[in-house]
Amino acid sequence: MYKRTTRKFSEARKITFEKNIMKNAYSSVAVSYGDTKVFCTASIDHKVPPFAEDMNSGWLTAEYNMLPASTDRRKPRNIIKPDGRNVEIQRLIGRALRAAVNLKRFPGITIMIDCDVIQADGGTRTASISGGFLALKLAVDRLLKEEIIKKNPIVHQIASISAGKVHGQIMVDLDFMEDKNAEVDFNVIMTDSGDYVEIQGTAEKGIMTRENFDIILKYCEQGINHIFKQMEEVYSEI
Amino acid sequence: MYKRTTRKFSEARKITFEKNIMKNAYSSVAVSYGDTKVFCTASIDHKVPPFAEDMNSGWLTAEYNMLPASTDRRKPRNIIKPDGRNVEIQRLIGRALRAAVNLKRFPGITIMIDCDVIQADGGTRTASISGGFLALKLAVDRLLKEEIIKKNPIVHQIASISAGKVHGQIMVDLDFMEDKNAEVDFNVIMTDSGDYVEIQGTAEKGIMTRENFDIILKYCEQGINHIFKQMEEVYSEI
Amino acid sequence: MYKRTTRKFSEARKITFEKNIMKNAYSSVAVSYGDTKVFCTASIDHKVPPFAEDMNSGWLTAEYNMLPASTDRRKPRNIIKPDGRNVEIQRLIGRALRAAVNLKRFPGITIMIDCDVIQADGGTRTASISGGFLALKLAVDRLLKEEIIKKNPIVHQIASISAGKVHGQIMVDLDFMEDKNAEVDFNVIMTDSGDYVEIQGTAEKGIMTRENFDIILKYCEQGINHIFKQMEEVYSEI
Amino acid sequence: MYKRTTRKFSEARKITFEKNIMKNAYSSVAVSYGDTKVFCTASIDHKVPPFAEDMNSGWLTAEYNMLPASTDRRKPRNIIKPDGRNVEIQRLIGRALRAAVNLKRFPGITIMIDCDVIQADGGTRTASISGGFLALKLAVDRLLKEEIIKKNPIVHQIASISAGKVHGQIMVDLDFMEDKNAEVDFNVIMTDSGDYVEIQGTAEKGIMTRENFDIILKYCEQGINHIFKQMEEVYSEI
Amino acid sequence: MYKRTTRKFSEARKITFEKNIMKNAYSSVAVSYGDTKVFCTASIDHKVPPFAEDMNSGWLTAEYNMLPASTDRRKPRNIIKPDGRNVEIQRLIGRALRAAVNLKRFPGITIMIDCDVIQADGGTRTASISGGFLALKLAVDRLLKEEIIKKNPIVHQIASISAGKVHGQIMVDLDFMEDKNAEVDFNVIMTDSGDYVEIQGTAEKGIMTRENFDIILKYCEQGINHIFKQMEEVYSEI
Amino acid sequence: MYKRTTRKFSEARKITFEKNIMKNAYSSVAVSYGDTKVFCTASIDHKVPPFAEDMNSGWLTAEYNMLPASTDRRKPRNIIKPDGRNVEIQRLIGRALRAAVNLKRFPGITIMIDCDVIQADGGTRTASISGGFLALKLAVDRLLKEEIIKKNPIVHQIASISAGKVHGQIMVDLDFMEDKNAEVDFNVIMTDSGDYVEIQGTAEKGIMTRENFDIILKYCEQGINHIFKQMEEVYSEI
């Protein structure tokens, strides 16, 4: 039977956040889930897409990319031929972060969240969401402080973690090798009030019963609560 | 409070399948979920991607597209600028259908499932998965009959339906107007043995509690059972 | 000597039109020339290209595409690498349909004709032109009825058919196998008053004398008169 | 009524050919139709597309492009966004030149004809075909001389000219201003034995009767005979 | 030891300019450095990029391209896949020509210099800069004469030549074979007052000492003075 | 007159290297020139381009990219539309690093150097070259240690720095604000034996005399010697 050497099945890896890592970004965060490391930044543009303009609303969008050498085998830059996985992930990040804000509170402004993976060891999308949310929060603070917007648009805190079934065993926060062998693979995004923002799960290589699913949701809830604590700590640092 | 005029919240729209609709395709199916209509075809190629070749395995992939006039407002063909939503959907369809087969049983063969939306009224991705699965099944029958493969590679029957929360009410198989107003939007893919293949849900515009989620899963399970019956009937026609 | 099994050399295949096949399209037509089947739709946009704006004129343009499984051997979707044949055909369709209208009578409006081939068995471009013209006519009726435009912009009825030389024999409305073996291949587009809108012919694999050409034009004229009758019948249905 | 100042309606402009204008090309020709000037070259590649390989045949293809400053208003280079007109023209040139050769006589070899317009004043496609044919003929002579091929693959001499209806008057070899005002516009490609290779004509802005058409064909035949004489003269120079 | 057969190491090839070679261009020049031949044209657009608009300034940009048959081995047209070498060269040409003008003196106007290589035998970028400058000068004269601008924006005359080390020997104006064997390869652009506009040199295949460099600069200065004389002569012709 | 607040005109910013920063890369270096920070990695591929294969040689190539938030104003990712500046810089980096190695000593192997700018404050290309060289050196050590290659292919140590003329004053290692105001801008790449690998300089906004140039070369030589020391120190750390 598969065993984890240094942590329990219900235990996330070491999760850390560091803020203000890139001086030119409007806000910036380095997030680590174990050996997975992502740089998340927020940029501000005083222009919105036509549909947002029509609704007198702001907009929030996200981009996700991996440095070529962030993975075990060099990942070519996606020039011309778009990368389906990238597209899927950045749509997920954008959707999740939009669920965290009231777009009406920053009319005419686009917040762009960039998630650039420096080191990939499983969970880059969940790390991107949590780190992206902290970058968003720091950008919002700055927008308020600089009096560019008046009311805080953040309506929920959000964070994300994965869980899955590997060799028949449910476990949380899969690393690369676990993810590669997973029969079932879930990404869960929750608010600080315990509601769900997004649930995405696949059993591409196995079977997922309702029982599996209940444990997965329980583990993710615990993991996400832990992440909110880490995030809050770094956020409150001066 | 929102009311459906012609069906109950737990009731799917009229779901129909028609087979052999395109004479040049290896197999073909027209699937309708109410006014949503998708043409699903299977094509066979005696060539696989390098990674499948290395594993002496077959491959299955899917493409999803909408005819420009299938939607209310003409959808430009995605030339050059890739369409993120399309990419996301076709990755979902491919993943789901691969979960239904044992790739090892058609080494050297790629099965390509094309889902072309003729008319869109909500649920095009769930209709594509159910219709795509029937096209796959018909293609497999033909591969067996023509003795191109020896053992049936299908390991699960699969089908898919959506459910969501609209104006505070949980309901199944959303049409376009319901989908547009949905606070919570789920797509569920299940096997005929009642296990989950994929669960994808977003609460971009609202809140999703654990209770909501339980009802959603129940409605989807009922809907999917209904679809399996419709599919079986058409499949068995001579 | 080559013989046709079910029709004379001067006889077109069974040609049918069906209208209102796609509920979201502004107008829609399914056209069949034997086993060739094309869905033709018209969409309306209240915006014109700069050069049309400068002339206070409307614009009409066409797109042509084949579903991947419409042909014997799956045709990959033309993403990124444009498909020369498609480009050539849609330019032909657009030119022909523009010759049928007075663009000045719908200033500020673009009519977009989409021709999507569902099943290909020779003559997809001629079927697209005839079906596209009927879709155009139905769209114009609706524009007049909805009082978006005031005067009927249609100045000619148009229809199209092919003819060619196969195994030394001139014949009309070639199917796929005939087309593949044709030494000479012509597409003719005519108005209901018997004038020519476009003539396109190639002798890529043989010789075309002036005598061949005269028979080709005669056969096409007969075929086109037949098409106008079919079209008129469907058009007049309530 | 419209009058031509320096030539009769049935008279082509001054048509000249010059050979060996680019030392690195396998063969090269500068062709002029009045102020229209095109550089035509042939290049040789010892590789053919898969379908030609399967048939143990050679291949011939053509590309057409305009220098940005060849036209009155600078034409941007077509990077990324393909230019429909270019595509249509180069398909026409390739088709016409393939009709002039027996591909079986240069198995394994691709002849690539490049037509680069230096100065555009109407008729660039017809000039490209005539000039491209002379470049092809010179390349074939060299292939024979260098003993790369054994039998002359040229089965017809071909040349091309345009004719049209301008202000109600039929005339041959339209210049840019005539072309712009043409109600009917034809391009005719013929062999030296008086047969047709390709006929392409459009009446986008007017009406074309059978009578018009007969005069057009007569004028084109005369023009093409004249071109063959010019071509032969230059070809025979040492 | 390597010897040049017809010229000294310090001697440029025969350098010629010809003006007014393309009637539709705003100005045009054919420049030859030995067998290298480039057509340089200037086009005028009454529109500038946003950054130039903000500064109430004009703009000047350049494009560089090679005809496919200009080189020994046919160079495919760069469709879709951009050509790194082309990009680098056209950025160099643009930078050099902008250094020759005061952009403030043609506000709202973009001058576009196109350099199309007809025949390549080494030094196409230096020939493009010298020929591009003469085309620019002729365009400026016409802008002044047509009273589109009021003050001459040209602040320096510029010209360019290459030098390098081949088989251990420093020499100027390398031809293709010399360039191919060069250990050190420099391009120098100077003004008529003897100052430097751009110096670019690489020792990709060898070593470049300070001494080498001093001789290279001396040879280039001599070569450039010679070019200015040739250019002036042609410029002054009526 | 312009003054630098914290350093002399002949003095580079604080230049640091850090190695082994990304665990999945074959080798990795973070290089800083003041506030400019670049991650440089080497990846190994056991495949070379055809021309290298023909010569039984290895290959080395480089890519350069900026994280979107690395600059003051967010830089969009270059999807589809290639970025001319990026192309120019990565060609420079590749050329410079190839000059440092003997490609014959790693036949069949491609070394890919990626330079990803995390923070941009002037000099990103010179920092990329120095950091890229250290990453290359570390990769070569590993290739030797893992006995993938037998002889050290490095023939020169290389490093790079910029210098320029700002407000009439020559100075070394320009930061962003200095670079923006520079009349003359040089990038110099040298070997540890004091020879030149590449010199690139532009006087887009001013004049560059021979005297200027001599000072620039002197300052760069001093700066580069300093960089070699820093690099050696980090390289020797265990």
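Letters A, B, C, D, E and F mark the chains in the order given here, with residues in each chain numbered from 1 onward.
One rule holds in what follows: a residue touches a chain if its C-beta (ideal position, glycine included) is under 8 Å from a C-beta of that chain, and two chains touch if they have at least 3 such contacts.
Since the structure is predicted, the reported quantities are computational estimates derived from the model, not experimental observations.
J.: Identify the chains in contact with subunit A as well as subunit D, in label order.
T.: Touching subunit A as well as subunit D, we find no chain at all.
J.: With centres defined as the mean C-alpha position, give me the subunit A-subunit B separation in Å.
T.: Roughly 27 Å separates the two chain centres.
J.: Determine the centre-to-centre distance between subunit C and subunit E, using the mean Cα coordinates as centres, and give it in whole Å.
T.: 51
J.: State, to the nearest whole Å, the distance from the C-alpha centre of subunit A to the C-alpha centre of subunit F.
T.: 33
J.: Touching two or more other chains, which residues of subunit D qualify?
T.: 80, 82
J.: For the protein chains shown, what form does their contact graph take: line, ring, star, complete or other?
T.: Ring.
J.: Chain sequence round the ring, subunit C first and subunit D second?
T.: If we begin at subunit C and move toward subunit D, the chains come in the order C, D, E, F, A, B.
J.: If we count contacts the way the header does, which residues on subunit D are in touch with subunit C in the complex?
T.: 82, 84-85, 87-88, 90-91, 95, 98-99, 191, 195-205, 207-210, 213, 217
J.: Quick check on the complex: what are the subunit A residues that touch subunit F?
T.: Those residues of subunit A that touch subunit F are 22-26, 28, 35, 39, 41-43, 45, 63, 65, 67-72, 74, 77-80, 82, 112, 114, 116, 118-121.
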